[in-house]
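Each remark here refers to the structure printed beneath this line.
Chain IDs A, B and C follow the sequence of writing; residue 1 opens each chain.
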């Protein structure tokens, strides 16, 4: 515990002490200007890292938000005569709103479309800043003078300290955010957006909020930017800047506050690097050596393919050769960025911090903080009354894919407190049926009622919120999260603090409570000792059980288990039966898709048999087993021939 | 004016068609496609400067485009696709940056005129003023797109191309190499970009900045029409081109870019898969 | 013709195949049966290169093919009709069949005439496909899509066909039809590895069979031998 505190907090405190005391010892105004920019870009990149790192999307709009924030602050000061705090808040507010507005349509998109949407947003905002001359004075530029802060005129070092303080606040807020349910959700939705939706954690809401938050940090940085330079031109906030910002985040290392900080230092230092010829030659030569060493090492250890090892070497080689041949390196600025960025993206995809932190954690094995005691299961998963009334009703449900009728006119009723078996040969429509119930697919026609009320169609998230939870035939765990985090993410009814309170660090207590509750559920499926193990490192059987624990964390009225026994070894299959029995004792209604007839007979109160998308039999397991149609379906053509 | 705008729109459609080609096979597009257009145009101009006859310059320029397309595929796309990551977005942006900077330094930052052998006097067609140049644009665009579509429908290799875009795994099971098909699509997409450069340069001019102006509009067209919509791009391209000339006439030339961008963001908000695109089915 | 020895393969960290060994002699139909999740489909995918085996060997006609790209294995004469059929939905039925013959037809022109003989054979076997030759494959019913998938595999003139769950999702009458077709393929001397959930039917059409459990071959023998095996009877034949 102490070691953890010393190492992690220690590094932060040392960096802070150095950065804070520099103005006292160095009076060079140029160096101070660079440090101020470092703090501003630090804030900007932390904001950009939310989308690029945590949400895993290529965001090309951060330069635009810097610009919008800068103009907002500038205009608030010039036209409205507002003071510094208010104009900075205005910049954050406006970029937050615009960010959210952009995110609503854009984040429904994936990958390339998202990048395109943000790219055009940047182009559009540059156009507007340029052309709306009555407000922004267009290409002429906008001059402002820095207003005093609470009556004090800030000098260069005073303004630097302000920027530094703001960067620290942003840093702390991000730490709070990342160690809360929000951070977990960010991490999880990259692994499996389908599962976050199915667990009732809105994938989309989290993305939009994350993007808007990151954008508002861009706005804050923009406000500071204009206060620093006291002059603005629209041309600054274009494509070029955007690429440089991406360079900063990627080179520094995604998903890391330190990475953003290193990235910012790099961006600040780059222009100086290019203006000094000797320095450039030395650094590019070092880059080449690193690339060669890393390539040889990677090839020897077989962790890299030939292309991955060679490409950075070639690219750095071009940089070195070019540095010796070209007359003026400043002219080739963009090409130089491109070559450096290329080498890093290919050769060192996790960036400098990603690389460093891997080695540092190996070096000083830091123990995670201790876990609280598990909550009582009765508090986490209260007994539900099993009154045998109709819980879920399907009426004439159909789902067709092109010419294939996967579910064709299916009606059945699941009674409260029962385990309802859904069986049938492969491809008989069982999985499609539960996919329609759980909202992954919208039905082609038909009705789904829960407690006699219509269940929402075609939205995993909304169905989950109505109390229907599920596991997946092909596991959809959050592989990078620990078993504990997988369950904590899905926990319903624990996280009550809104985002601003989370940023201020008020969510720690509910976090402890969530840990305790999640441990109780892990205990139920026998995984308590592996709480800290990453889900992807668990054995296959344990992964299946973890999915059940995670689905239970949603506190469902109806739990759908989609082939939980597929691929399980014999002892694990036995464990599974016991787990399902334990869940049954809590009064939770279940739909169980299963192939093994013995498991079905042992567990299910009622069984529905599907074949070719239609129901061919229904009743208790014993009745169904003797049904001639079922025997035919299960044993196939041989019997049909005889009949 | 609207008509010449619409003809410009055909060029956007042609570049957008290049996006569709690579998106079909690999679900990836080249964010540096504008630079491909620009570099091919510059290269073709140099071919003319070196004394190559006009009719030889065109295949020369197209070949250069194909080569660039293949380079993009090998250096920027293949690794990311193998890793199933979206790294290619960043990589192709980087490639574009490199291309831009190289063009600036090799051919200069200024716009240069691109000679043409066609007469520049306007003709009266159905009461509309059209220059032969603009007609050549329309002919060029439709020829290239028509030939590629014909290739896709009438040859087995073309059918294999379609098979890869329908189901990559199944195509591999037929013996179709997905990697080669993706290479082919990038080559074709480079060819299309070069054609767009050669067609548009005599009307505008050739300069490093032509890349970013063109690419954004092509993006708009591709996204509004849908990245898998086939000929939808032509319609959207024409509409966008016409809209642009109207905006720059009524609002001033600085706002030229705006309709495309607004259209794009609107399309994304209302129909993210494009006006002519198909909805995708999520699988578990 | 096809030989698999000590094959290991899986997805990510879970190793599904843990040393599978089997053999498909020329001109024979071999069935692979077992419970869901036992690794039957994974075996097929590892043979055709859709997933890379981590250990073990696969030989086709005496040539080692493990680790090759899927398309290369296909060109060497292995036709894999995958689980879920995977026909090319937007393409026409005939185009689907022509693509099946991709490995031995010319790329650009004249491929239609070169394919005429094979195409005729497939249409003879599946008259329904001939009726629907211009229709896009995605609009076919499940049973027709299965016929198309088998026809597409035949077009390749392959050394071996891997047929994965041809009965999946089909109505019993159609399943019957599918097994009749497999019988006809057997009479025509086609070498076939068949994965089936309907163990009894699969055994009826096959010359030899393997039973998989937990990524390994648990039992092997002729259908007659398996019918006598109590373990098989209890678990799969009811």
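Points worth noting:
Going forward, a contact is a pair of C-beta atoms (placed from the backbone, for glycine too) under 8 Å apart; a residue touches a chain by one contact, two chains touch by 3 or more.
For clarity, every value in this text was computed on a predicted model and none was experimentally measured.
Remark: among chain pairs B-C and A-B, A-B carries the greater number of C-beta contacts.
Chain centres computed from CA atoms place C at the largest separation from chain B. The centroid of the Cα atoms in chain B and the matching centroid in chain C are 41 Å apart.
Mean C-alpha position of chain A lies 33 Å from that of chain B. Residue numbers of chain B whose C-beta contacts span two or more other chains: none are found. Residue positions of chain C with contacts to 2 or more other chains are 89. Residues of chain A that touch chain B in their complex: 56, 58, 102, 104-106, 108-109, 111-113, 115-117, 119-121, 123-124, 127-128, 130-131, 194, 239, 243, 246, 250, 305, 307-308, 311, 326, 331-339, 341-342, 345-346, 349, 401, 435, 440-441, 472-474, 476. Across the complex, chain A is touched by residues 12-14, 16, 35-39, 84, 89, 138-142, 144-145, 165, 167-173, 175-176, 178-179, 197-198, 200-201, 204, 214, 237-238 of chain C.
Taken in their complex, chain B has these residues touching chain A: 23, 27-29, 31, 75, 78-79, 86-87, 89-91, 93-95, 97-98, 100-102, 104-105, 212, 216, 219-220, 223, 227, 252, 254-255, 257-258, 260-262, 264-265, 268-270, 272, 281-282, 284. In the complex of the two chains, the chain A residues touching chain C come out as 402-406, 425-429, 536-537, 540, 543, 563, 565-569, 595-596, 611-613, 631-641. Those residues of chain B whose C-beta lies close enough to touch chain C in the complex are 155-157, 159-160, 162-163, 166-167, 169-179.
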